[in-house]
Structure formats: C-alpha cells, structure tokens
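What follows is chain A paired twice: with chain B in the first complex and chain C in the second.
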Partner chain A sequence: MILQTLAVAFFGLVAVWFSIVVFRTKSMVRSALALLGAMVALGLLFLALEAEFLGVLQLMMMATEMSVMAIFMVMFMMDPGGLGQMEMTHQKKLSLVAGIVGGLVAALLALLVDWGALVQAQNLDMPERQNYNLGMEIMGRSMLIFETAGVTILVSMIAGTLLAIVSRTQTTEGQE
Partner chain B sequence: MITLIIALLVGAALFGIGLYGVLSQTNLVMIMMGVELMLGAALVNLVAFWRFLHPGAYSGQMFFLIIMVVMALEMVVGFGMALARFRAKGSVEMEEAVELKG
Partner chain C sequence: MITLGLGLLLLAGAYAVAVIEEWATTGRLRPAAPLLAGLALLGRESLVPRKADRVLFEVAPVLFLVAAVASFAVLPLAPGTAIADLATGALFINAALAYVMVALVMAGWGPDAIYAMVGGWRFLAQLVAYGMLVVMPLTAVAMRAQSLTNSRIVEAQEALWNIFTQPLGFVLFWLATMALAFLPPFDLPTAPGELAGGVEGEYSGVRLAIFRLARLTLVFSLASAITVFYLGGWLGPVLPGWVWSILKTLAVASLMLVGGRYLPRLREEDLLAWAWKLGVPLALVNIFWVGVTLLLVK
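Let's turn to the complex of A and B:
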C-alpha cells in the first residue's frame, strides 16, 4: 500500500512536471515530446493503480498520438524548434488565473468530500479477470455505447479526410 | 485514502494546467494539447474512482474507453481543421482567424 502510494505520487509529479514543460518551452517539438512524457507518466500511474489494461492502452495509444502530433508540429510551424523565440501566447494573466482557480476548485473538492470506505487491494479482481469483466461489460450492458463510439470514429475519419483533402474545384482554380 | 487524494490532486493539477494552455495559446495544435491534458485529468479521476470506490463496476473502465475515443476524435477533427486552415491561409495561428468570430 505504501509502495503504491509512493508510485502514484511519483508518476503524478512526473506527469504534472511534463505538462508544465508543454507550455513553458518555446519549441513546439519539445512541447509534443513533453506531452508524450506526461501521457506516459499517466499510463504508469494507471499501472500503479492496478488498472493494467487501461495503463497499457494509454501507453500504446498516446505514444502513437503524440508522435503524430510532433510530425504535424514540424509540418505546420515556420519555427518548430523555437529558435526564433516567437511569442505564441495571449491573455496570459487571465489564463493563469483561470487555470489556478480551476485547479484549486478541483483540488478543494478532492480534499473536502467524504469519500467513505475505500476498497482494499485484496478485494480487487486479478488483471485477467478485470479484462474478462471489461469485455463482458462492452459486449453486454455497454454494447450500444461502444457501437456508437465505433460509428462516431468512422464518421470523424471521413469528416477529417474530407476536411484535409484538396477539393477538385480548388485545384482547377489554382491551376488556372 | 491518501492514494485516492493524491491521484485526485494530480488530476486537479493537470486540469488547471490544461485550462491555462487552452486559454493562453494562440496555435491551434497547442490548444489541442491543452484539451488533451484536461481529458488526461478526467482519465486519472476515472481510474482513481474505479480503483478505490467501485472496482466491481466496469462501467467506470468503459467510461475511460469513451474518453480515449473522445481524445482520438479531437485529434482527427482538430488536425483536419488545421490542415484545411493551413492550406487556405498558410498558418494555424488562431489570432489571425478573426473571420471565424460570430
């Protein structure tokens, strides 16, 4: 239990530190890599919280997602390395106040709410049993939600592709 | 109890940092990073609640999967819009997107 608490605290601190780096560095590529670091720390935090499947899923998915993000950063930015020290922020004071207030309210809620009796580690399902139960949940009670998520992914893939491709009329106009 | 509180505090910190990022950044991709952090905070809270309050209810893990889907969709639509904007205007700076104001 103490080891678990220490692991959660350590990976939590790493995640928070990396997420601060995301907005402190001038380099966009470093920002993407720092976000990758934060997401990896979160994946390890989930592993420490004994949610093995979710932890591994987080690690696999975020590694791919953040690599894609870094590639897009290089594509879109004139100065992805941040060598020109371009200013990329606005309304800094307001954002800082909103961020601190939002974080503090969430932290106060966590501290002030009575969470009742907590479940001890020995009452937890083994990882293979967790996977089985999650599968039964997906294929049973939550089937409709899961199917809806699948269809939504398909629709957004089509919408994303349509947004990204050059339309034929634009190309013809461009050639003319 | 302390582990749950630590996890929730990490979630609160990530939410605050994400909110700061969303409001302060001018680049569309950086704004998306802030949103990712806020969704990451939601993930931390969901896993902590599932582990310490209702480990027998797998709808908590299901909710986690739905948030992951939302993260992926945000990336797809965001990058689709970013590509369209970059092709049209040569930049994804939101300060320059004044014509999108209602």
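Let's turn to the complex of A and C:
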C-alpha cells in the first residue's frame, strides 16, 4: 500500500516535470516527446493504480499520437529544431491564470469529493475481471455511444484527408 | 529466477538471430562472428555528431532495447513461464512495439543528419500503417481465446492452431511483424545503399552495438509473438513445451530473415498504400470471418 502510494506520487511528479519541459524547450520535436513523457508517466500512474487496461492503452495510444504530432509540427512550423530559439509559450498572463485556476479546482475536487472506501484487490484475476467488465460495457449498454463516436471520428478523418488533398484539375487551372 | 532465465534466453535468441542473419545474407555460417563483431564495436570510438540533439541521440538506442525486451516480457515460453503474463498481454505487446517507433524517430531526429531524419520519419509512417495490421489480427486472435492473456491465447489453440483457423490474419500479422522489425524488403528506415544506414547511420561504437542488439532482440521477440499467437506456442507432442516454443520461434525467425532477402525493397508510397488500401480491409474481413466461424462452430 505504501509502495503503491509512493509510486503514484512519483509518477505524478514525473508527469508534472515533463509537462514543464514541454514549454521550457525550444525544439518542437523535444516538446512533443516531452509531452509523450508526461503521458507515459500518466500511463504508469494508471498501472500503479491497478487500472491495467487503461494504463496499457494510454501507453499504446500516446506513443503514436505524440510522434504523429511531432511530424506535423515539423512540417508546419518554421523552426522545428529550435535553432532560432523559438518560444513555446504565448498569451502568458491568460495561460498563467487559467492554469492556476484549473489546478486549484482540480485539487479542491480531489480533496472535497467523498470518494468512498478504497476498493481492495479481492483476488488475483482482478485485471482480467476489469477487461471482461469493460468489454461487456462497450458491447452492451454503451455500444451506441462508442459506435457513434467511432463513426464520427472516422468521417472527420476522411473529410480532413479529402480537404488536404489538392485536386489535380485545380492545380493545372491554377498554373494556367 | 524465471525472469533471469528468460532474459538469458532472449539474449541467446538474439545471438542466434544474428548468426542466422549473417548466414542468410552472406551464405556463410560463422557462429562466432556476432561475438567478434560486437566486441569490435565496443572497442571502437562512439562518435557524437556535431549539433546533435544530445538527449534524443543518447536515449534512442536504449529505448529501442527496452521496447524490444518489454515486448518479449509478456510472451509465455511454457505454461506459467513468462516474465509477466499480464491480463492485457496482447494489448501490451502493441504498446511496447509503439515505443520502437518512438526510439527510431528519436534516432532519426537526434543526430541532426538528413539521411537519419528521412529514415526516422519513414519508420513513423511505416509503423502507424503496419501497427494496424498487428492490432487488428490480434483482435481476431483474442476473440477466439476470449482473453487478452497470452497464455490463455495459447491454451485456446489446443484443438487447432490459429494459423489454420485464421490464415488471412496470420499472413497479415507476419508481414506486419517484418515491417515492424524493418527486415528486407521493408528495411526503409535503414535502407543500405540508398540512405547509407538511415536511422543507424550516425551511430557508432557502443551506441551502435546497443542499436544492433535491440534490433536482433526485436526480431526474436516478434518471431516469438508469431509462435504464441498463431503457431500454438508451447503446444506439441513428445518434447517439453519450452523446447517447442524455442524451436518454433527459431524457425519463424529464420523464415523472416531468409524470405525477404529475395525481394526488392519496396517504395515508401507503395508500402503505405498497400497497408491502408489492402491490408486494413483484409484485416477487417479476417475479423468478420473469425467472428462468423466462432458463432457457427460454437
């Protein structure tokens, strides 16, 4: 129990530290990978909280997402390598206020809400039980929600790709 | 104790892969060659390029090795013999493999060199595309086993191996693992003769040794994954389970290393187009097929 608390605290602090690095660095790629570091720390924190599926899913999804984000930033930013000492922050006052208020609200929620008694691991196959329950939830009661969200994301991805492709006729007309 | 034994096995497996790889490439069987090459690499100077992004440059080979070892950790060698037989094992292996890509992107960006960078970004696209062909066939495998635990997946193949019940998934998974381990003809991130080594081009000495070891470990680990998910893992007559696991894994690794040598390297756009336009629909067909057979057979 003590070990678990220590692990949770440790990974929490690692996540905060990486989040600070995201804004302290000058390089886009470093910034994206630092964000990945924060997400990995959160994934490990989930594992420490015995939410195995959630933790592994977090580790899996974030690796590709953050790397894809890195290449997009390299493509679109004028100084991806940070050679020109590019600043990662903007609207400093607003973001400071928003950050502090958001942090305080989160901390207050964590302290004030009555979370109930701690759930102890009853048996060794608890993660397997979690997976089973999650599957039953997704394929049962919440199926419509997940299906709707999934199809919406797919449609927006296809639409985004179509918008990004320059049509051939348009290009030739433009050249004329 | 099991962890130590499996760690040593992984090391021995990576060594065997190195011997087989040289045998497949040069046609000469020299069991001591990887050891000598490794020692030679350790003795050489490990250069750091000018203006390297030092953190990414140093972390990349180590992260690569960690990811390769982590992907092996959830694969059972025999009943009850795995470093960590997680309840989410089949998902965890995907998570571990995703960090191979992160490591290669780091190795591409880190040295501040054009060929390395091209190689790194190539592998990003390659993994995002072929990662799909790892996850989706595994979904069908998990469907049959009714579990994400890898030892359960092996036990579910007691009657018939998955290679026979879902051959399409097997072929897709096989190709995807070859793309993930960037073996020929999928060796776009390193691309000897075109990118001059690509992601590993700027590495030398001990760093290159770690990089190579990580790649060999990854090949062994992926061959082991094919064995567990499709070839019945430890199941087999007469011999003890762990012997079957090792024999099957080595056979798969040999085929992976030999097969691609006779094919020309694919072009990046063809590679990606085939994965998205052909591979993903076929993987969906596979899931549908497995679902229908499961409902009918039950």
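In this section, the second predicted complex is superposed on the first by the 164 of 176 C-alpha atoms of A that agree within 3 Å, B and C clash if a C-alpha of one lies under 4 Å from a C-alpha of the other, contacts with A are read in each partner's own complex, and residues count from 1 in each chain.
Note that a residue touches a chain if its C-beta (ideal position, glycine included) is under 8 Å from a C-beta of that chain, and two chains touch if they have at least 3 such contacts.
Because the structure is a prediction, the values reported are computed rather than measured.
J.: Regarding the shared-chain residue A:91, is it in contact with chain B (first), chain C (second), both, or neither?
T.: First partner only, chain B.
J.: Which partner does A:127 reach: the first (chain B), the second (chain C), both, or neither?
T.: Touch status of A:127: second partner only.
J.: Where does A:57 make contact in the superposed view: on chain B (first), on chain C (second), on both, or on neither?
T.: In the superposed model, A:57 contacts both chain B and chain C.
J.: Residues of chain A touched: more by chain B or chain C?
T.: B
J.: With the two structures laid over each other on chain A, which partner does A:68 touch: chain B (first), chain C (second), both, or neither?
T.: In the superposition, A:68 touches chain B and chain C alike.
J.: Both chain B and chain C touch chain A; at which residues?
T.: Chain A residues touching both partners: 53, 57, 68, 125, 130.
J.: Please give the residue numbers of chain A that touch chain B in the complex, ascending.
T.: 1, 4-5, 8-9, 12-13, 15-16, 19-20, 22-23, 28, 31-32, 35, 38-39, 42, 45-46, 49-51, 53-54, 57-58, 61, 65, 68-69, 72-73, 75-77, 88-92, 94-96, 98-100, 102-104, 106-107, 109-111, 115-116, 118-119, 123-125, 130, 133-134, 136-138, 141-142, 145-146, 149, 152-153, 156-157, 159-164, 166
J.: Which residues of chain C touch chain A in their complex?
T.: Going through chain C, the ones touching chain A are 53, 55-56, 86-88, 91-92, 94-95, 98-99, 101-102, 105-106, 109, 112, 121, 124, 127-128, 131, 147-149.
J.: In the complex formed with chain C, which residues of chain A make contact?
T.: Residues 27, 29-30, 33, 36, 52-53, 56-57, 59-60, 63-64, 66-68, 70-71, 81, 125, 127-128, 130-131 of chain A touch chain C in their complex.
J.: Under the touch definition given earlier, write down the residues of chain B that touch chain A in their complex.
T.: Per the touch definition, chain B meets chain A at residues 1-27, 29-30, 32-34, 36-37, 40-41, 43-44, 47-48, 50-56, 58-59, 61-62, 64-66, 68-69, 71-73, 75-77, 79-84, 86-87, 91-92, 95.
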